[in-house]
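Okay, got some structures for you below.
In what comes next, chain A is part of two complexes: it sits with chain B in the first one and with chain C in the second one.
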Partner chain A sequence: MIEVVNLTKTFKKASAVDQVNLYVEPGEIVGLLGPNGAGKSTTIAMLSTLIAPTGGEVLFNRKSVVKQPSALRKVLGVVPQEIALYTELTARENLQFFGSIQKMPKQLLKKRIEIVLEQIGLENEPKKLVKHYSGGMKRRLNIGVALLHEPEYLIMDEPTVGIDPQSRNHILETVKKLNEQLNMAIIYTSHYMEEVEFLCNRIYIMDQGRVIASGTKEEIKAILSSENKVLLKLEKLSNQFLNELMKQPEISNIEGKESIVSFSVAKETNFLPMLLAICEKHKVLLKSFQVEEPTLEDVFLHLTGRTLRN
Partner chain B sequence: MMAILRTKFLLLARQPASFIITTVIICVFAYVLGLGSQTKLPVAVYSDLSQQRTDAILEELQKIPEKEFTLYGESEAITRVEEGKNVLALHLMEGGFELITSPDFMEAPLVRNQVNTAYIKATQKESIINATAIDQQERVEELFSQASNNPIFHLRYSSFANEDQFIWDSKLHSLFGFSLFMVIYTVANCVHYLIMERRNHIWDRLTISSLGKTKIYFSNILYSFLLGYLQILLVLFIFHYLVGVDFHGGFYKALLLVVPYLLCIVSLAIFIASVVTTPGRFNAIITVIAVPFAMLGGAYWPLEIVTSEAILALSYISPITYGLELLNGATIYQNTFQDLILPLAVLLFMAVVLMGIGINVMEKREQKI
Partner chain C sequence: MFLALIQKQMKILLRSPSEILILLLMPIVLILILSFALGSLMDGNSELDMIEMAVVEHGDEKVDFSSFIKENQNQFQLDAKSLGKMEESLPAGLLMKILTSKEMKEILQVTKIDDAELEKAKNSGEYSVILEIPEGFTLDYLNALIFHKKEPTLNVHFNENEQVTSSVIKDLLDLFQQQYTIHTLLGQNNLLTEDMDLASGEITSTIHSVDSTEKITASVYYTFSMTVMFILYVAGTIASQSFIEKSMNIFDRIVLARIHPIIYLLSILVSTIIIALLQVAILFAFANLVFKISFVQWELYLMLTVMLAIVVGGIAALLTAINYRFNSANASNLFSTTLVAIFAFFGGSYFNISSLSPVFSKVGMMTPNGAALDAYFSISQNGTIQEIVPNMTILFTMAVLLMLLAFVLFPKRGGTV
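Now for the complex of A and B:
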């Protein structure tokens, strides 16, 4: 098990990670959610023994890895957010190189390269130079490199940034399979809420260097269990209409964009008469409305007052 | 470690352009400035003498450095001077010679002197042979040839500039100067990849691998050194064996003594890479310092002709100064290793200090994402 206890990292006087506690057990997928600058990447860097914490500990099987990182490194695979590959080499040459630096025996490495190429769906393109790959293919190879030495723990830092939906689905399915078939524990950071909802058993939500919520998906959503999310579709959005909504005490988290307005409202509130009255008052034509259960995005909005992609 | 080296050389094979271009630039500049500046003055020759006597005198004339004598008919030789194709024509006559020059040719007295010497030598040789019995003439000619190939003693000229002996060999100077200057770019290009690897997080993959930091640094340093060394080897071999530059018997010593210079340059590049954050800045700094280093270090012109105390004082900070001192010492001055201990020690000291600081700063920077 990997445990993080009161992990802190300060750069000069700014605190990038502040007293973070989390754990990852073998075979589970843990999500690390947060907007850009939340401290996810710094936490990941400390977890993967790339940088030393200013305070706190990273423990692997109850032993500190800050000074003795080798035990964790042997069982750890890291997929960085960047495409950390030699683009002038082929997929096979990249895998060969990154396998060699793990000191894998030649025969085993040869076998593993074939298996990994198949796992990431690049078995038909191993001789093409990486620079000629699509964004999605590069991302898949980026993951493949981390899988070569069959790690027990895989850290994935925003592995689906900037790729097409097809490649994204392929990556998500691969992650799911790795976890289910190989019992690989995965630490998955993202600011795509739906990915985390799809993959993760447990979630840590980070903001401004701190963990602001943690638990299973259900536990986190329960933070907003007393509220519903309402989506309105209007013919035309007006500022007066939005301002009037904001004045209503039973409504919170109001957002308006183009002709769509969303807000949270307590479950027992009968908001419909009030809503229709405001529409009537400001001559706004309500085309449709929808009441939804809260999502993780709503929880994040509720906790921080910001959306994940802010 | 071998995996890193293998991959680096594979990457070089995929993109060899910059290595090839720098090597070609070194060769072209060294040739143009060193050998090209040694263009010979063409002299048109016409003769009233017999073919045999003309050949004998021409053979002596061709030994005059920096002049090239070509035989023409009388009218053609004079026309060449009239048309300005040659500034000088030489008329070989029975019992003497005459020079036909263009009005603005100022070196006529010097040429007259040189031709006179050659003429006398050829005439003396001819007279001695003619004075010998016919059956001995072949033997005498043979003795002349042997004597000129194996002189009894050598004359060596030396001159003094400031307090030290200064021998100017433009061929070697251009060759060494440009090799030491341009190899900075080749080494920097290798270290540039190291910065790129840090930026695109390949370095992170290496860090958490089973290799260990020492091996990672060592492999990268070794690669930069090997590529720089390979380039200098290539250039020196080309000039020694193909162009025929005289290394005064110190060719292999020069190959050995370039090692401390290259170590120093690799360390310098690592040091710069540690203090800059982007590949663009690294390239800019390398460009900014390499040219002054070359100027101050005497890569363009010999430091012996510099009179400014300030420039001479600044020359001590340039590794090229010490690199040239080692290479000139090994070849032109034929110094022993003991004679060269000071520049050798300075380069090694610079290498150790710059490498030490560079790697430490890099490691500290790595703790800041």
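Now for the complex of A and C:
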């Protein structure tokens, strides 16, 4: 198990990560969710022993790896947010190089290169220079390099940034397979809520260097379990209508944009008569309405007052 | 594992056309251009323009000689033959014979002018040099020769705008003065005899090469000077490439593969040495093929080149360490864009810096390229190992210091800071 305890990192008095606690057990997928600048990448860098924390501990099987990182590095694969590849080399040459420096035996490396190329869907273009690859292909190879030595733990830092939907789906499916077929533990950071919801068993939500919520998907959503999200589609939005809604004590998180209005309401509240009365009063034509379970995005909004992509 | 790091560095460099252009093509082109452009001048084959010289004789040499004989007829008895020989060897006449000789006519145009024309000739700049033979010059010469009296003086006016021709004339007058000095010393020591042939008007001296020293031709000069200059770019190039590995987080991957940062730095050092050696081998092979430059003492060339390559490796390691420490490629960029040019200037890659000032020459020897260039010249002139020991010592000291500094400065944890 990898565990971080009270992990802190400050850069010139500015705190990037503040007293973060988290753990990852073998075989699980853990999501690290937060907007840009939340401290996810710094946490990942400390977790993967690339930078030393200012305070706190990184433990692997209950032993500190801050000063002796070798044991953790041996079982760790890291997919950085940047494309960390030699663009003047081919995919096969990149894999060959990174496998060689992992001191993998020649025969094993040869075999692993073929397997990895197939896993990432580049088996047909291994001799093309990386600089001639598309963004999605580079991202896939970026993952492939981290898989070569069959790590027990895989850290993926925003692995789907800036790629086409097809490559994105391929990556998400690959991650799922790696976890299910090889029992690989995965730490997945993203600011795409739907990716984390799709992949992860447990989630840590970070904001401004701190973990503000953690637990399974269900546990996190339970933060908003007492509320439903309501979506209204109107013929035309009026300010008087919105002001009237805001005055209602049982309604919160009201947002209105063009002809769509959303708000949260306590589950047991029968809000329909009240809503219809307000529509009637302000002559607003209600075209449709929808009651939804809360998403992680709603939880983040609830906890921070901001959306993830702000 | 270490081999993989070296192979990777070589592959990346070989697939970078712009780097190959700087490291190989540019020195080859410059060696070609400079050797051909400056070859005739440096190798002494340049065609010199005709030197215009004016001669003003204020007195009359024969009158001087007659007066001298008349004044001193009681002191020595000379027969007509001896008198005739002396008259033929009088200094002004002798000098004029030299200046107007067949050989001199190819480069020198001598015009005799009157006293009245002297000032005009000085101001016009028409002549490269004006030689003034003062009144009583020959009398003074004979008195100095026989009676140790006041030495005669010639007045020479040079046109400072024509340095090359001025220096030719200076050399010519020096030659004349040497002959004159020998005669004077012989005369003062009573060694001049009646039977002795005094100097004739013909220049009979020949140019001898000193010891067994080979001449440094333009192609030799620029082969070595461009090589020691462009070898420095290997350091800047490799250091810049290694910083890309950091900025693209590739170095993080290397560290995660349990490669110690010092091993990585060592791979930078070794890669640079290998690439530098290959570069020099290619440039020397080119020089051998095109200019027929031979590398007879190949063991000395090899020893010196290996030492220079180690210094360049040390520079690459130090630049890499600074880049990594300050998370910026400024150090390697500054080195490639500015420092190499400064080193090249003081090291004598553009021209022989010692001709400007001996101080510059000493500064040049403190640069890796300058120390190596001087040693290459020594070897090419059949120098021995003892002659290049000081240069090798300088290079060895530099290599040790650079490597020590690099290993101290390189971040031990590596990775993102």
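Note that in this section the second predicted complex is superposed on the first by the 302 of 310 C-alpha atoms of A that agree within 3 Å, B and C clash if a C-alpha of one lies under 4 Å from a C-alpha of the other, contacts with A are read in each partner's own complex, and residues count from 1 in each chain.
One rule holds in what follows: a contact is a pair of C-beta atoms (placed from the backbone, for glycine too) under 8 Å apart; a residue touches a chain by one contact, two chains touch by 3 or more.
Fair warning: this is a prediction, and the values are worked out from it, not measured in the lab.
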Three-chain arrangement built on chain A, chain B and chain C clash or fit: clash
Touched partner set for A:177, first chain B, second chain C, both or neither: neither
Chain B versus chain C as contact partner of A:63, first or second or both or neither: neither
Partner chain(s) touched by A:98 [first = chain B, second = chain C, both, neither]: both
Partner chain(s) touched by A:83 [first = chain B, second = chain C, both, neither]: both
Touching partner for A:51 - first (chain B), second (chain C), both, neither: both
Intersection of chain A interface sets (partners chain B, chain C): 45, 48-52, 73-74, 76, 78, 80, 82-86, 88-89, 93, 97-98, 100-103, 129, 145
Residues of chain A touching chain B in the complex: 11, 16, 41-42, 45, 48-52, 69, 73-74, 76, 78, 80-86, 88-89, 93, 97-98, 100-103, 129, 145
Residues on chain A engaged by chain C in the complex (per definition of touch): 45, 48-52, 70, 73-74, 76, 78, 80, 82-86, 88-89, 93, 96-98, 100-103, 129, 145
Of all residues in chain B, those that touch chain A in their complex: 3-4, 6-7, 10-11, 14-15, 200-202, 204-211, 366-369
Chain C - residues contacting chain A, complex: 1, 3-5, 7-8, 11-12, 15-16, 248-250, 252-259, 413-417
